[in-house]
Amino acid sequence: MGLKTFVMGGVHPPEQKISAAEAILTLPLPKTITVPVSQHLGSPAAVLVKRGDLVKTGQLLAKATGFISANIHSPATGKVAKIDVVMDQSGYKRTSVIIETTDDEWMEDIDTSSDLLREVTLSKKEIIDRIHNMGVVGLGGATFPVYVKMMVPEGKKAELLLINGVECEPYLTSDHRLMIERSDELMVGITILMRALVVEKAIIGIENNKPDAIEKLSALCQKYPGISVQALKVKYPQGGEKQLIKAVTGREVPSGKLPIEVGCVVDNVGTAVALYEAVQKNKPLIERIVTITGKAAKRPGNYLVRMGTPIRALIEAAGGLPENLGKVVGGGPMMGKALMDVEAPIVKGSSGVLLMTDEEAHRVAVRNCIRCARCTTVCPMGLEPYLLAQLVTHENWDKAEDNRIMDCIECGSCHYTCPSGRPLLDYIRLGKTKVGTIIRTRGKK
Amino acid sequence: MIYAVISLSAIGVAAAVILYFVAQKFKVIEDPRIDAVEELVPGANCGGCGYAGCRAFAEAVVNAGNMDGFNCPVGGNETMKAVARILGLEAEEKEPLVAVLRCSGSYAHAPKKANYEGASTCAFAHGLFSGESGCPYGCLGLADCVDSCAFDAMYMDPKTGLPVVIDDNCVACGACVKACPRNIFELRPKGKKERRIYVSCVNEEKGVHARKNCAVACIGCGACVKVCPFDAITMENNLAYIDPEKCKLCRKCAPVCPTNAILEINFPPRKERPEKAKDDAPKDPDPAPMPPQQPDMSQVH
Amino acid sequence: MKSLLTISGSPHVHADESVRKIMFTVLYAMIPAMLVSLYFFGLDAVRLLLLSVAACVAIEYLIQKYLIKGDLTINDGSAIVTGVLLAFNVPANLPWWIIIIGAIVAIGIAKMAFGGIGKNPFNPALVARVFLLMSFPVQMTTWPVPQPNFPLTDVITGATPLGILKELNGKMPAPEALQQIMGDAPDYINYLIGFQGGSLGEMSAIALLLGAVYMFFRRVITWHIPVAYLVSAIGFAAIMWLIDPSQYVNPLFHLVTGGLMLGIFFMATDMVSSPMSARGQIVYGVGCGVITMVIRFWGGYPEGVSFAILIMNAFAPLINNAFKPVRFGKVVAVKS
């Protein structure tokens, strides 16, 4: 099978997968954990417990409110110390349940054995209900509730399931390790997804800087009908939904539309494993694999971490806080979020923690735009970042919308490549919020 | 030669005829009073009246036929009276307003917990994180308000990291109120002898959280509400607010505030209670406005 | 943790790219052409290059320091590039004061007056060249005939091949004129290497091409503008030649003479004044090519490259508006 990739734009940041060979370790539970009730895209969940309650691992802590929302379960056993607002990775304070942990005691109906259950017995509806109850969200970063994605809208038909094992972000290796160490669970998870979506075919897209994962999963495909592996050329942002579909199928998702428009559904490999655990083992989404890495990290590695664990605990497991720490990023270097505070908890969307040294932490000096057109060349959506940034500084929202500012996937290629170091994406993000508000109010009228 | 003269003349005449008819066809008949009103208003096009510019304001006020809700904050009562005279109406007297910064989170009071790098605009930083001090309500110090001010009435104080309003220049157009993504500015009456008392904080967090980031935050203790003899102070979402309509400037509230979040402007210094940590209190803005010192914002803009 | 953590929007890494790097890549790419000019003009070329670069850098420095009192940008190398390009565009024996005037026009008027690097609508070196050409037509069109390894005490001057062609145009049929310029057996290879009269840097097409290849692989230029320019210019010349060979000369002659190569690779590709999208760049290149040839065929000047590029520079904003990049989402449902 030849290598595929998407056509338009893209950059090649140094891969820096320094933790790729580190096996997944389990991070011990800390004394206190902080579980935000908003770990997903959509409305925050409503807290069900109160101060002083004793909770078991896997118990429902907060219930989903509304269509796009997700249940939050207790990642540990212990006493609810308080319910308070705590600064999470977004840099803002959100309602969180703070639990003082004791010995781990799981809810009785959760299968905690490590046996592989291959037989899928549940029906489509039961699967979707189970996923909803178990609070499974997309683990690729967007944390979109998975059950919503699985309900194909009227008139549309899913024909292809794409599993995202691209991991195009530099440094991050959590998906890579997961594909190697949890391959069987992944395959069953994909089977469940195919069953729920009623599709015959699933393709796992993996960039060819992970040859071991490609090899292992390709071999396993023999046992699971309908699933195949597609090796992809390394190029950022191939992990973007639209870019992955383009790379694998050649189809382009139209502007402002969802992948279902071209008959595709995309899910992350981590999501597929979480789905396996939810459906086959009745286990809610309370832990995930997190990469701790970066030039400032003393011992980069991959850890299985319970949600709500403070990032500090993870950093300590990786050798402690370095002296020359300049920036802590939640996620990868291209799309991750700089954190104010290492006490912020790991949540469902945390794929990695990147520790940067003080030297790398600072942005390059901003100079005049020299109109070199590199941002236009590297934009995977065919936009003109220089123009959008200019329109945003002039607050020309109408024209920004005409130039399709809402198509921006915020991959950061434009800023990455800009020889003048201009904060293009900062301005485009600002413009997207403004234009988004304008579009929504227009819709209401 | 003669052909050239004739043909050019013919073209000229034809063009003139066409122009005449086009001008007739697209003639716009306008109320002459609009022009008259536009002459009177300051012409700064600041948008303080709520209209897209002075011309739009003039059109609106002429077409409305009454003065209700129309106010040019820049021109003030004088201008509105003149406008009313043209339209044969009465203008109601309005108290002059001034923009007030309701945040005292200077570098000293709300120390930095992180360094922000990137687009130098509050609007973006507001979406990115809670701010360098960690206060999710306080001033971000990136000068969107100063940029929005068309009257040179603001500058950033490099010592505190906060904007300063030059009262004499401020015309209360409200541009800064709109520009601030955190709604920190408020238009308040200038007050007698320019004296004002207000709560210089917009933090709605619980006291402990607010206090953690800023020494001069309103912690919602309610001491000022109890002491106010005129019921001018209300407490909502852990935040006190002094209603300028009811406040009689009695100065009872400021001394009881445990965090010095209530500011008194342009009052003579208090004689009694000298032990009340004066150095801890935020300094009054310089009464004599300094020449605006523009910080270097050229980096991105 | 000693220092405060830094907060910024993503991305948190940056490519190893800077304006300075781009400018120095362009400079390195001009080295072959510089060496050729040294070979042909010796000390004159050294004098001209150094003077032009020094003047450009000094003027940028003075303006930034004393007039606009802004940040100094002379270390980004853009003034050096402008200086070299300006020297490339004038005859080697130009008096020193004219080149200083050229530098003032290039940096002072065409670049800094608009706001410095990145803000100039026109290529500064070309603006200066055209300014000099109109102000000092005699000095600007007195070309020293290249004399390798020849002491410069006694410069022989002559016209450029294109200049002679323009002179002979209408007096005799094109093939005869060509014969008069190039001799009985036209040796295009010699022309390609640089044995012809002309400005300092436009002599050798080969040297310029070498530099262009370097820039291409360093990704400072893309193929769009050079290819579009070259194909349209030579294509246009070829069409005219096929229609009436007695009136128009062999397109190969146009290819190897004059400033076409310099214009294509170093002037038209100037980032600041060229369009942004790939489609726009092709339109721009074609425009440059056609206008160049129109001026060469029917214009008052023997050479049209500078004018063509300046004219298309003026159109660049319009092209940016009219030719947007291909947006993602246009290809719908390709059956796999």
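Order of writing sets the chain letters: A, B and C. Residues in each chain are counted from 1.
Keep in mind that, in the parts below, a residue touches a chain if its C-beta (ideal position, glycine included) is under 8 Å from a C-beta of that chain, and two chains touch if they have at least 3 such contacts.
No experiment lies behind these values; they were computed from the predicted model shown.
Participant: Can you name the chain whose C-alpha mean lies closest to the mean of all the C-alpha atoms?
Facilitator: It is chain A that sits nearest the middle.
Participant: In terms of CA centroid distance, which chain is the most far removed from chain C?
Facilitator: Farthest by centroid: B.
Participant: Would you say A-B or A-C is joined by more C-beta pairs in contact?
Facilitator: Looking at A-C and A-B side by side, A-C shows more C-beta contacts.
Participant: Please compute the C-alpha centroid of chain B, do the same for chain C, then give the distance between them in whole Å.
Facilitator: It comes to 52 Å between the two C-alpha centres.
Participant: How many Å are there between the centre of chain A and the centre of chain C, using C-alpha atoms for each centre?
Facilitator: So the centre of chain A lies 48 Å away from the centre of chain C.
Participant: Measuring centre to centre with CA averages, how many angstrom lie between chain A and chain B?
Facilitator: Their C-alpha centroids are separated by 41 Å.
Participant: Hey, what residues on chain C touch two or more of the other chains?
Facilitator: Where chain C meets two or more other chains at a single residue, that happens at 3, 5-9.
Participant: Indicate the residues of chain B shared as contacts by at least two other chains.
Facilitator: Each of 113-114, 117-119, 124, 128-129 in chain B touches at least two other chains.
Participant: Give the residues of chain A that touch two or more other chains, as numbers and ranges in rising order.
Facilitator: If we look for residues of chain A contacting two or more partner chains, we find 91, 338, 340, 362-363, 423, 426, 429.
Participant: Contact residues on chain A for chain C in the complex?
Facilitator: 8, 11, 13-14, 91, 160, 170, 242, 246, 249-255, 257, 262-263, 321, 323, 325-329, 331, 333-340, 354, 356, 358, 360-364, 367-374, 376-377, 379-384, 386-387, 403-404, 407, 410, 412-413, 415-421, 423, 425-426, 429
Participant: In their complex, what parts of chain B are in touch with chain C?
Facilitator: Against chain C, chain B makes touches at 112-119, 124, 128-129, 132, 298.
Participant: Can you list the residues on chain B that touch chain A in the complex?
Facilitator: Interface residues on the chain B side: 113-114, 117-119, 121, 123-124, 127-130, 134, 136, 205-206, 209, 299-301.
Participant: Which chain A residues qualify as touching chain B in the complex?
Facilitator: Touch list, chain A to chain B: 85, 87, 90-93, 338, 340-341, 362-363, 366, 393, 422-423, 426-427, 429-430, 433-434.
Participant: Once bound in the complex, which stretches of chain C touch chain B?
Facilitator: By the definition above, chain C touches chain B via 3-9, 70-71.
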